[in-house]
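Presented sequentially are two complexes of subunit A, the first with subunit B as partner and the second with subunit C.
Now for the complex of A and B:
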């Protein structure tokens, strides 16, 4: 039944361009889709290993810059008289490199930051993102600094039997983003239901117990960070080639917060959570625009985040699933128990 | 050499206010185990109170400072009572996200009310700086240093010499035992958050007139406060003071000898380095948990 809903959802999304002609809404849907891919990657860490990474936008931004620079080419001087000259490559190579380099950064950050937990992990990840932002701002020779990288080419994909297709229109970009999102969803779904996924969840529930049954903590967490960062890098690459201009503001902390809000609202630790939360928060500005000033929108964002945490701390999807399961009185479909709930039981 | 001396003078002025920020956050972090993302907003708030009181109400500059501290105290108590008290006992991630929500809402509120244009506060101090041999320092900055030093001493006495401070320290060590000994933990939490917030507001009120005032000024201040807390160790006031001066020194030297663009990167680099090489902080007394 679950796969039925999933297929229906994909078909529904695929049919959107057939009846939606408004370019403004199409644009909102494409950027929302890109951010949902980022939110799904964040959910892999936050929802399945319990590590709140507030520097996630760093991987997104690194993906965007790597992809943009690969397809634009660059010429930078290094200390001791070395120079690196790179001639433009096709954007699709940038897309692949973005995933690889963001994943590598995820490995390095994971290696360093998983020595600490909880609040310290959060602060290390924020610091990493801010350092990357300051490098992007100050290494003007490579990144143009605040002047931004402009004229980033659109992605060209080779279709078997149809030749090359350059994604210039919103329609083409919409389907490409949808395809990447579906692949990401399937990948994360496979991961979560594998042995590795059970190891991650075991760690989240009880780290000491997980270690005692032979789960390698550092290896599991680092692998999760690499995959999560790689997916975020892919999302960043899509963003760079769709928007076609990238400046250091892409690393702004508020962008991480947007992804976190999407995951928390939809439901962390639920596969569909980031999609539901992402659709709500991605499209909320579109509907708020006619009735609210942009400044007031952010006040509403902060307020909604607080209200969700007070009213639906588990998020929308797990809460609905729980209600649905109660009605059908089938206890095996109950969503996984979250931290706060388990603590509440222990205190009782 | 004179350039280095000038950096040292600047470090002293900056370090004093950084220490105030750090003490406020380390109290909240240490006693309440809350990662307080509204700390930066309280800093911004203190600066704006200074601007409003001096320019719109026409009150004396020296009177405006205590008013900013009181306003920060009230806002902090309000945040604690409305957002943190109902969430007592929930996990650290939930309170952190609620604090992020409050921060976004309040910062956007500040942008809405006061606009994005930077404002500056006129001060009663003479324009000409005090020249001491090869170095010079403005009278305003000297006043900032003196006021910060006074507030640090007051906070230190409050924590170590009063009954409230004793109850706060007891709560930090063991909340359950403290509550068995008759400490009203709810009251301690509200007081802690209010005191920490008023120190952040004081830091903003002091540094606001030195630089300019704008709604996002608190963002970097908050991260610097986190760096200071991590440097000094959780809940360690002396550590926070020393951490504040170390961060100020790192920023001054980084800006002077590396590149001014990387001045603000110093705090983050310190956080990363400390957590990798000495995760208990430089002056740790107790075991770090969490």
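Now for the complex of A and C:
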């Protein structure tokens, strides 16, 4: 049943451009989709290992800058008279490099902070995001600083038998983002149902016990951080090539907060949670725009967040799943929705 | 004399000025059931923590089947087949019993990340094997009816069983049980003793920390008695039962004269 819902959701999303012609709404959906990918990557850490990254936008922004610079080329001077000159590469190479370099940053941050974890990880990630923002702002020769990187080329994908396709229109970008989102969802789903996923859950629930059966804490958490950062980097790359202009504001703390809100309202630790939360908070500005000033919208977000968590404290998806399961099994004993049952159904 | 599995040599553990263990020496032979007993605060759990790498000893050395354990992390010691259970935190409370065992099977389930993500045949067959093994283990400790209940919702005694099954899932060659029957009633304890014997008959060496004296006396091949961080007696149950130093440690000095 669960995979049925997933397929229906994908079909529904795929059909949107057939009946929605409004370019403003299409644009909102594309950026929402990009942020949902970011939120899914955050959920991998927050929901499945319990580690809160409050600098997650750093990986997103690094992905955006790496991808943009790879496809634009650059020429920077280094100390001692060295220069690095890079000629433009195709944007798809930027996309791959964005994943790799964001993943590498995830590895370094993880390695630094997972020895201590918890609050320390939160602080390290916040600081990391701020440092990266300052670098982007001040290394003008590389990043143009506040002047922004402009004219970033659109992604070109090679389609078998059809030649190259450059994603210029909103329609094309919409489907590309949708495809990346589906792949991301499947990747995370496979990952959390594998023995790596079980190791992550074990660590989150009872670290001492998990260690005693042979689970390597640092390795498991670092791996989760690498994959999470890599996915965030991919989202950043999509963002850069779609918006086609990026400045250091991309690293703003509020962007991380948006992703965290998406994950928490949708339901952390649930695969569909970030998608549901992301749709709500991605599209909320669209509906609030006619009636509220941008700054006032943040107050509305806070209100919506509080109402949702008051009514559905575990987040939308897990709370509804639990109610649904209770209703169905009322005649017999009440069985909570569990990992293995979902698991068994998905693999059945 | 069987081969020595675990060897603890001159181990001391200090917490600041407090001496939790001093100059502890004992060995456990392959396939033996050895119990570590002593009054509360005697250092039994500290000894467990030192052996399983959760605590670094201040002095001394621990080795298992000839491998020095000093400086190894707990998960590396688990790799060697030395698996422990815990006094309190014995389960993953928000997972079902069955899922608990799947986590415990971590050491058996290793396939590469790529294989797992792509769902390659090897990863699938490994998953299938793990599921079968988890079902077997659930049956073996007699918790089939609770397999799909959350471990946190089980009774205390049942949680202890899950804890032991979890440890067994990790395929130990030596199992360290920290007060496994505390919180169990008499019949549960009786069943548990059978279980421990069964485990040993499968070739697993066992080191047990326990307060339940009848249980310790009935199951152990040998007993090591700790008091104030040092060993005061060591030998088979019959000898320990009549050892004046042991009686004194448990009942006080008056008892020896009485």
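By definition in this document, the second predicted complex is superposed on the first by the 323 of 348 C-alpha atoms of A that agree within 3 Å, B and C clash if a C-alpha of one lies under 4 Å from a C-alpha of the other, contacts with A are read in each partner's own complex, and residues count from 1 in each chain.
The criterion applied here is as follows: a contact is a pair of C-beta atoms (placed from the backbone, for glycine too) under 8 Å apart; a residue touches a chain by one contact, two chains touch by 3 or more.
If you're wondering where the values come from, they're calculated on a predicted model, not measured in any experiment.
Looking at the shared chain after the overlay, A:267 reaches neither subunit B nor subunit C. Contact with neither subunit B nor subunit C is seen for A:106 once the two complexes are overlaid on the shared chain. By the document's definition of touching, neither partner reaches A:248: not subunit B, not subunit C. Once chain A of one complex is fitted onto chain A of the other, the partner contacts of A:138 are limited to subunit B, with no touch recorded for subunit C.
Residue contacts after overlaying the shared chain place A:230 against neither subunit B nor subunit C. In the superposed model, A:217 lies in contact with subunit C only, and not with subunit B. Annotation: subunit A residues 339-340, 347 touch subunit B in one complex and subunit C in the other.
Of all the residues in subunit A, the ones that touch subunit C in their complex are 187, 190-191, 194-196, 198-199, 201-202, 205-206, 208-217, 223, 335-336, 338-341, 347. In the complex of the two chains, the subunit A residues touching subunit B come out as 52, 112-113, 115-120, 122-124, 126-128, 130-131, 134-135, 137-138, 253-254, 257, 260, 264, 293, 295-299, 301-306, 309-310, 313, 339-340, 343, 347. Every residue of subunit C that touches subunit A in the complex is listed here, in rising order: 52, 54, 73-75, 78-79, 83-86, 89-96, 98-99, 102-107, 109-111, 113, 116-119, 123, 126-127, 130, 148, 150, 166-167, 169-170. Residue ranges on subunit B touching subunit A, taken from their complex, read 29, 33, 35, 83, 86-87, 89-94, 96-98, 100-109, 111-112, 219, 223, 226-227, 230, 259, 261-262, 264-265, 267-269, 271-272, 275-276, 279, 288, 290.
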